[in-house]
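My structure is below; once you've seen it, I'll send some questions.
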Amino acid sequence: MTAETRQDRFERGMRVLSTIDGEAGERVVSSLADISPELGHQVAAWGFGDIYSRPGLAPRDRQLVTIGMLTALGGCEPQLEVHVNASLNVGLTPEEIVEAMLHSAVYCGFPKALNATFVAKKVFGERGLLPVGGR
Amino acid sequence: MTAETRQDRFERGMRVLSTIDGEAGERVVSSLADISPELGHQVAAWGFGDIYSRPGLAPRDRQLVTIGMLTALGGCEPQLEVHVNASLNVGLTPEEIVEAMLHSAVYCGFPKALNATFVAKKVFGERGLLPVGGR
Amino acid sequence: MTAETRQDRFERGMRVLSTIDGEAGERVVSSLADISPELGHQVAAWGFGDIYSRPGLAPRDRQLVTIGMLTALGGCEPQLEVHVNASLNVGLTPEEIVEAMLHSAVYCGFPKALNATFVAKKVFGERGLLPVGGR
Amino acid sequence: MTAETRQDRFERGMRVLSTIDGEAGERVVSSLADISPELGHQVAAWGFGDIYSRPGLAPRDRQLVTIGMLTALGGCEPQLEVHVNASLNVGLTPEEIVEAMLHSAVYCGFPKALNATFVAKKVFGERGLLPVGGR
Amino acid sequence: MTAETRQDRFERGMRVLSTIDGEAGERVVSSLADISPELGHQVAAWGFGDIYSRPGLAPRDRQLVTIGMLTALGGCEPQLEVHVNASLNVGLTPEEIVEAMLHSAVYCGFPKALNATFVAKKVFGERGLLPVGGR
Amino acid sequence: MTAETRQDRFERGMRVLSTIDGEAGERVVSSLADISPELGHQVAAWGFGDIYSRPGLAPRDRQLVTIGMLTALGGCEPQLEVHVNASLNVGLTPEEIVEAMLHSAVYCGFPKALNATFVAKKVFGERGLLPVGGR
């Protein structure tokens, strides 16, 4: 079992975060620098370094769970935007993301499914992925 | 028991949606066309065609329940805006809508009651219904 | 404008609470006597005396809003049980209550609609109101 | 485009529901028979027949999204119990389910992650799947 | 036990509200004047006059509870903004507020902790309190 | 900056957890041993070792925030029970805990305030602390 310093853990987490979330994730951490650098540290060191990087669930699968959670929580549109991008980065297709949000209507109701879908529309628009093929 | 095609169900739902929610509801469905046409289909076919149109509860009563739900869920201001308009369309008075939101403070607390009330203020302002008579 | 003492307000609220919620509501207040009598006071004096009793919305309509809120909040089954009883007390029919909960599935999803419906099943069972006529 | 009766849609949904959720899902529908048969109808016809059965997302993936949503919503332990069983039925391993719930701690916090994990413990215990391999 | 009129109670509440929340709180009440003056009345008379002013918990402690609640509820950023200001007004330091929000990540997850922290960043920026000392 | 192994971090966290939450907290960790030992590890190592133990906010103050969050989240009664005990352990009085829950009614509504207060009643009863002095 390896000993790590606080800085080791942060750097390990930031490498995972950058791979998954890209620049959008890095911007969240850097925007915390003047208000709560510790929160930025923990997002990277714990959220990504300790949990996300565990081998027991593929990144693609983690994103499906995350989309479900952020849709259900409500009011987390900024985080959902980061994670729709992350979902594309780790190999979910636009069709799968949109289908997951349609699926969410059954468990969370239409309002939250709509809010999530409009976040996906924003991200897909920015990445030139519209229109998404319907049925 | 009549057999219906998918398209029959959609058209039946859209007629209900248009009657209740008006153009604001139609805009939600059309704004889904390039991202999740299936979600738009289901909002109309299921939400309005299968559920809202049932005779067991008057539209006015459905809107009271809906205002309660959207206020309690939080983060559903866009949907609440559609449904404040819908509530006026089906016969609830501005006074009743505002009173329902005051009532919500007892069960959901002031923050959510305030968020809902400011949505009503926006809608009533657009429809020339301000000021609402206080006590 | 009449001046009232704290006790006046409490008694006025308890009369409304007893009319609407019956013994179930009184039990909530009395069960608070040894832990938070002030919370019991405020439920009666403010919730019922100041808000529920206002004339701007009929008790039946308040219950529709309340069912919507308690279904959407989740985890409020004890309060929903009191309010399903209250809904019957103020004139909502079992069919309307069940229809409101079906309607909630569109906005809150099936899990919360199911939780609410099983609370109604418990209350209706205790009051000899099962089966409720379906379609 | 095929025309279907209400009964056709229900039967098609029940076949999907039985395949995914097994007897636990059928029990939910039958327990609604005396209180809200329409809710049971819609869970089957819409939730499973119209949405779950769509080919755009594999059942295993739908369950990952669903576990995320039910964990995040909170207060939906009965539904989570059905869906932990369903997740096993469609091929998620106990290790993946538990990992998804650990992952949820990052986005929903420990209390909801704990509630979900104890539901998994109950289901896995009933199915002889304890202990789950840790690290 | 003193008798009070409705107006007495409102004025007593407004004095507490003004002391704690300052102009931001007064603006909430005045912005309700044309839509729901009764809600503004109750925020002041009940929320501040009856509850906040009770001696059993110091204003600083009430703000810690309030920050926890508003962070957990989600979607209450406007109210959180008022209460971050209020927290500073009653003596919590920027460091304590930020630490409370970091603490919230354990119980509510990172997305809500981030949303709250960015509200604090806005308020602290307006009051010239950035950067907050990190580790 | 000291280097720590995974085991070091866990042991450091367990010492904090045991001091704050006592046996109730240890039981949560041990009850995870056969289902998700990693979740138990993270509750201790991260929740208590990394976050709770930080000097920026006193344990008493962390408990006020935590009571606020758990009351607002809803459906977290088991965790609230642990934290009402923890709150007493770190020096909050029964009167302060009950007052914090009364305060929560303003922001979360009565149902969640009632659920939290009945958890406090259970804990205080077990510890021989009833009745709590009212006003």
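A, B, C, D, E and F are the chain letters, set down in written order, and residue numbers restart from 1 in every chain.
One rule holds for everything that comes next: a residue touches a chain if its C-beta (ideal position, glycine included) is under 8 Å from a C-beta of that chain, and two chains touch if they have at least 3 such contacts.
Remember, it's a predicted structure, so these values are computed and weren't measured experimentally.
If you take chain E and chain F together, the chains in touch with both are A, B, C, D.
Matched by residue number, over half of the contacts between the chains of E-F recur in the interface of A-D, chosen from B-D, C-E or A-D. Across the assembly, the mean Cα position most removed from that of chain C is the one of A. The chain with its Cα centroid farthest from the Cα centroid of chain F is B. Counting the residue numbers that touch the partner chain, chain D and chain F have less than half of them in common. Averaging C-alpha coordinates per chain places the centre of chain A 39 Å away from that of chain C.
With centres defined as mean CA coordinates, chain F is found 30 Å away from chain C.
Shared contact sites, meaning residues of chain A that touch two or more other chains, fall at 38, 42, 46-47, 51, 54, 69-70, 73-75, 79, 98, 102, 105-111, 135. Considering their complex, residues 28, 31-39, 42-43, 47, 69-70, 73-76, 78-79 of chain C touch chain F.
By the touch criterion given at the top, residues 74-75, 98, 101-102, 105, 109-115, 117-118, 120-121, 124, 130-132, 134-135 of chain A touch chain B in their complex. Across the complex, chain B is touched by residues 1-8, 38, 42, 46, 50-51, 54 of chain D.
By the touch criterion stated above, chain E contacts chain D in their complex at residues 105-111. Contacts from chain A toward chain D in the complex involve residues 46-47, 51-52, 54, 56-57, 61-62, 64-73, 79, 95-96, 98-100, 102-108, 135.
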